[in-house]
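In the two assemblies presented below, chain A is common to both, partnered first by chain B and then by chain C.
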Partner chain A sequence: MIRINRNLAAAVLVTLVLLPFGVLIMWSFSTRWFYPQLWPAQWGLRAWQYIFGAAGTQIVSGLIQSILVALVTAAISLVMGVPAGRALGLYDFRGKDLISVLLMLPVIVPPLCVAMGLQLWFIKLGLSETFSGVVLVHLTFCLPYSVFVMWGVFSNYNPDYENQARSLGANSWQVIARVMLPLILPGITVAGLFSFLLSWSQYLSTLIIGGGKITTLPILLFALMGSGDRPVAAAVSIVFVTPAFLALLFSARYLGGQSIPGVR
Partner chain B sequence: MNQEYLASDSLNMGTRRLAQDANPRTRTRAGSLTIGKMVAPALVVVMVLFGGGLVLGLIQSLGHLPAAGLHSLSFKHFANVLGDPDFLQSLMITLYVALTATLIAAAVSIVTAIFLLSLSEKNRLIHFIFQIPLTVPHLVIAVAVVFMLAPTGMVSRVIVKLGLIQSSAAFPLLVNDRWCIGIILTYVWKEIPFITLMILSVLRRSGVELLEVGRTLKAGRWQRFRYITLPTISPSLGAACLIVFAYTFGAFEVPFLLGQTYPMMLPVWAYKSYSDVDLLARPEGIATGLIIAGIIVVAIVFSQLLTRAAKRRGVVL
Partner chain C sequence: MGELQLKNLTIRYGSATVVRDFNLAVLDGEMVSLLGPSGTGKTTVLKAVAGLIQHHEGEITIDGQPVKDLPPEKRKAVMVFQKSLLFPFMNVEQNIGFGLRMQGRREREIRREIDQIMQLTELTGLGSRKVHELSGGQQQRVSLARALVLKPAVLLLDEPLSNLDANLRQQMRELIQDIQAETRITTLFVTHDQAEALMISHRVGLLLEGRLRQVGRPRELFYRPADPDVARFFGGCNFIRGRIKDGNFYSEFATVPTALTNGNGHLLTATIRPEDIRITPESKYELQGRIQKTNFEGSATRIWVQCKGNRFVILTPDADFSPGQTVSLHLPPEKIRIFPAEEKSVINDPIESL
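So, the complex of A and B:
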């Protein structure tokens, strides 16, 4: 009896999680679906052909734009986040608490305040409506995240391995490349994924700083929701989810079945 | 990915670090110069971009906008926003949405976490599926909610099929509605996995020994939950709730897509004023944004003080 209840609860849980995706997939493959039909009267690939055909240049360039912004943001976050995380995780020093508060604030304060404040300054610097401007504004909240992840990673890191390598004659670069990086690779993967996905789902800050010139996927999706073409909006939504889903699949496999919070 | 996820990690880490230093090998030896070099790039970027954004926003919201011929500095725009008769309504609806979504998500999460704990850890598929919402952008779920709850959405179709209503006109408004049901549902769906996984990781680490002791001492089910499980999970549950509250209070996309046109939620209102064709409305938009940020920070500080005071009085939390 308990067993049946348990399976039932698990089934309900899984259904509730997957339901929105089911609805989106159905809409994206429907060509005629009038109220109040439960199933589309006609299935077809119109929406998919539209987004990769007629509107292909726009959607594909949006996809590429999104991927590039997120990749560059994640890369910079890592390059700066790893050393900062190492310092915070391995060493005790004055001002550590202050630094953690300073890094915590961008996580709590909504991006819209920062983006609105930065816009005028970015216009003056010529960064508004540019790729770098959008990356910079995303960096404001992606960077603190990767610092925090790497902080956690280095809290459980044993620097004695590095001393051993050094005593065996390795130079600084060899220590970093052959000892430190392999040891913290799972953490780096997680930090990179977080920054990527965080930048990937930004809408308002991209809109304010990008000024409609940097059209990432969320910006296209909002425009499509306004146009009211449901199958196309559904198809773009699915495209929008896919990288996140792949990232999850990848991390689940790569991190050996550990969940995303598996850093610690 | 939802940004809350990591924040929780950092909050956790903060508390852990205070309780006992996380890394037993922590050392102070590396020269302060080296440490400075390692932290400085990240810190400078965050301070320049984030701090700069806030400070410049503040200057603009105080009315210094040379482009529009405004040079004075005053709290006029803040006063305008706070004195606007619609402000109180917007604030109330924003608070209502953020609090309701957080509380519902927290309550469901406690039950779900205890349930997932009872499943064997080998049941990877369910755990994997349960993680999917973490990575999905809010916007996509908002779109799906429109498809499901709009008057011509899936739910309405099912109800018509069942013969409970005749047409979409009889279907209650659940999207762009007065009670913000669509917004709250979107947030609840997104945040339950987040809070659940936070609690679950604590429960996994704590083991069953305490519960067994409780049982041998003849504690009932409710007593075991109230005095063993709840105190175990309350720090991370609290942190998760704060993060969810901060996010839902200041997020723009979901209320923009699913909210009613009047009264608007605060973030939508801020952006509406900011992007107004009238340049003079812009400082008010930024002022609204800063007020949102201020409320979030005050709420977090206040809740921390409150829990601390409660603990000092001996309340088991």
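So, the complex of A and C:
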């Protein structure tokens, strides 16, 4: 029974995850593929040649831009999320529920509203069409996730580990670097990865705040898809998905077998 | 060298006073237990000495030096917690070496110290084990070794044995005793287990409701309790009332010669340990009573006897008693301890008030 269930689960997983990828890969290697046909009528490397040739510099700069934005966003979101999660998880104070609701707001409210609302302010503050502006708007979506993850981690955290370390002669900095960070590392990895992937896949907010000046990969992707060249769009999609996919694989391998304490 | 002095220590959490006017000295090389039921502030005292919480009044000195302004890492007192709190991302050796590495000692020196202490705590060969591969007793030994390796002036142990099962506890007690005797490290040991405290320490301090009620050698506390509460904590449950007149304490149950003169003519309380009362089915003694209940406890039997409106609890190796039986009792005067001062709380039914 269990074996059958396991096979079924694997089959569902393959169908849901790998099948769309298969289609995407086929599209990227096709030169002619029209509606009723099951397979592309003609195979070729035109799309990939275009990406690495004529559009190469554009794609690479988009890739770099995306990585930069996502890395900076993830880093800031961790630097803010860890202390915030620590305060929320370890201490009791008034207004904790309110904070929880406020944190959820950007997740609940449609991103379009958030980005449109912020744009007015960002224009006034001179943040519109800048790198920092895009990072800031990404943070509104990433920060709630990293705070919630770290909140969960710290609710299951025993501060006596730190007391023990201090009594053994570690000063405050050593306690943070040698005890707290290693203890919460799995949580940090999850929160960082969440933030990175969330920022990586932002399109709307980047478009509105970046105004076309900050051309991350999704911006390029949408432009190419709008032009109607399906094979090229498919190839760019693969380029877009690969780093995120690799990051996920790496972390799954790294986190494999370890339980992540308190991640909700 | 290590000497710990606590003078008039008072510690509050918010508005609640947890520890009040606490005085205790632990001499160099001495092992002192702080004994008391849970929630009486024992751990609080330890944390204050370790510097993990601030005390509000009074003074803590280690080797004659006040430590109020020293952060925990600069105090020469190391605390071992109830849970072993081993760092899960380090192996046994790294855990033991943690404190030395924080001090930035040389790696060769660290290695030598670790090897030495692992031998002392019977951990040799387990150095590269992961923490989760260790048994409960081994974990506790690692956490002990982690503190001992620093050679602190004062070692603070917070119920390090309470998470272990009975057999292991006995072994660990002996190990701690041996290590303490060998290293002569000044130790303050916190426990709620009276047997543990009596067995392991040179002196015991009994803490009840944030106050230190009596400090002394284990025998003193056991046989010469300072007041009824102390007696009750050590399982004393027989209290009799009487008056002192002309060098004798007179009660319905016994007459005890005494040097006490205070409270002459006033009603005083005295106690006798359950194992000191003699009981026999023959009518050999003056006091007659009826058995209410018996409890077989293995090496002894606990018997409740109603006698002249008082209920006595008796421990006897003799198991041949049954409820309803008439027995005679004898309270040997030399085993009766008279409390010098009259307590406000009058004990009518010692069993209920237990």
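Keep in mind that, in the parts below, the second predicted complex is superposed on the first by the 235 of 264 C-alpha atoms of A that agree within 3 Å, B and C clash if a C-alpha of one lies under 4 Å from a C-alpha of the other, contacts with A are read in each partner's own complex, and residues count from 1 in each chain.
Keep in mind that, in the parts below, contacts are C-beta pairs under 8 Å (C-beta built on N, C-alpha and C of every residue); 3 or more make two chains touch, one makes a residue touch a chain.
Computed from a predicted model, the values in this text were never measured in an experiment.
Colleague: Clash or fit: how do chain B and chain C relate after the overlay on chain A?
Modeller: Here chain B and chain C can both sit on chain A without a clash.
Colleague: Just to be sure I read the superposition right, which of the two partners does A:G169 touch: chain B = first, chain C = second, or both, or neither?
Modeller: Second partner only, chain C.
Colleague: Once the structures are superposed on A, label A:R230 by its partner contacts, choosing first (chain B), second (chain C), both or neither.
Modeller: In the superposition, A:R230 touches chain B alone.
Colleague: State whether A:L127 touches chain B only (first), chain C only (second), both chains, or neither.
Modeller: After superposing on A, A:L127 lies clear of both chain B and chain C.
Colleague: Count the residues of chain A touched by chain B and by chain C, then name the partner with the higher count.
Modeller: With both complexes superposed on chain A, more residues of chain A are touched by B.
Colleague: So after the superposition, what angle do chain B and chain C open up at chain A's Cα centre, nearest 10 degrees?
Modeller: Result: 90 degrees, to the nearest ten.
Colleague: May I ask you to decide whether A:N158 touches chain B, chain C, both, or neither, giving the answer as first, second, both or neither?
Modeller: both
Colleague: Please indicate which partner A:Y91 is in contact with in the superposed arrangement: first for chain B, second for chain C, both, or neither.
Modeller: The first partner, chain B, only.
Colleague: If we overlay the two complexes on their shared chain A, which of chain B and chain C does A:A10 touch? Say first, second, both or neither.
Modeller: first
Colleague: What's the minimum Cα gap, in whole angstrom, linking chain B and chain C in the superposed view?
Modeller: Checking C-alpha atoms only, chain B sits 8 Å from chain C at its nearest point.
Colleague: I'd like to check the shared interface: which positions of chain A are touched by both chain B and chain C across the two complexes?
Modeller: After superposing on chain A, chain A residues 158, 160 contact both chain B and chain C.
Colleague: Please name which positions on chain A make contact with chain C in the complex.
Modeller: My answer: residues 158, 160-161, 163-171, 174, 178-179, 182-183, 185.
Colleague: Show which residues of chain A lie in contact with chain B when the two form their complex.
Modeller: 6, 9-10, 13-14, 16-21, 23-24, 27, 35-38, 80-81, 83-84, 86-93, 99-100, 102-110, 112-118, 120-121, 136-137, 139-141, 143-145, 147-149, 151-152, 154-160, 193-194, 196-198, 200-201, 203-204, 208, 218, 221-222, 225, 230, 233-234, 237, 240-241, 244-245, 247-248, 252, 257, 259-261, 263-264
Colleague: Would you tell me which residues of chain C are touching chain A in their complex?
Modeller: These residues of chain C touch chain A: 47, 50-52, 71-73, 77-79, 81, 83, 85, 87-89, 98-99, 102-103, 146-147, 150, 156.
Colleague: Would you mind writing out the residues of chain B in touch with chain A in their complex?
Modeller: 1-3, 5-7, 9-11, 13-14, 17, 21-23, 25-30, 32, 34-35, 37-39, 41-43, 45-47, 49-50, 52-58, 60, 67, 112, 115, 118-119, 123-124, 126-141, 143-148, 152, 154, 156-158, 160-161, 167-168, 189, 193, 197-198, 201, 243, 246-247, 249-253, 257, 267, 270-271, 274, 285-286, 289-290, 292-293, 296-297, 300
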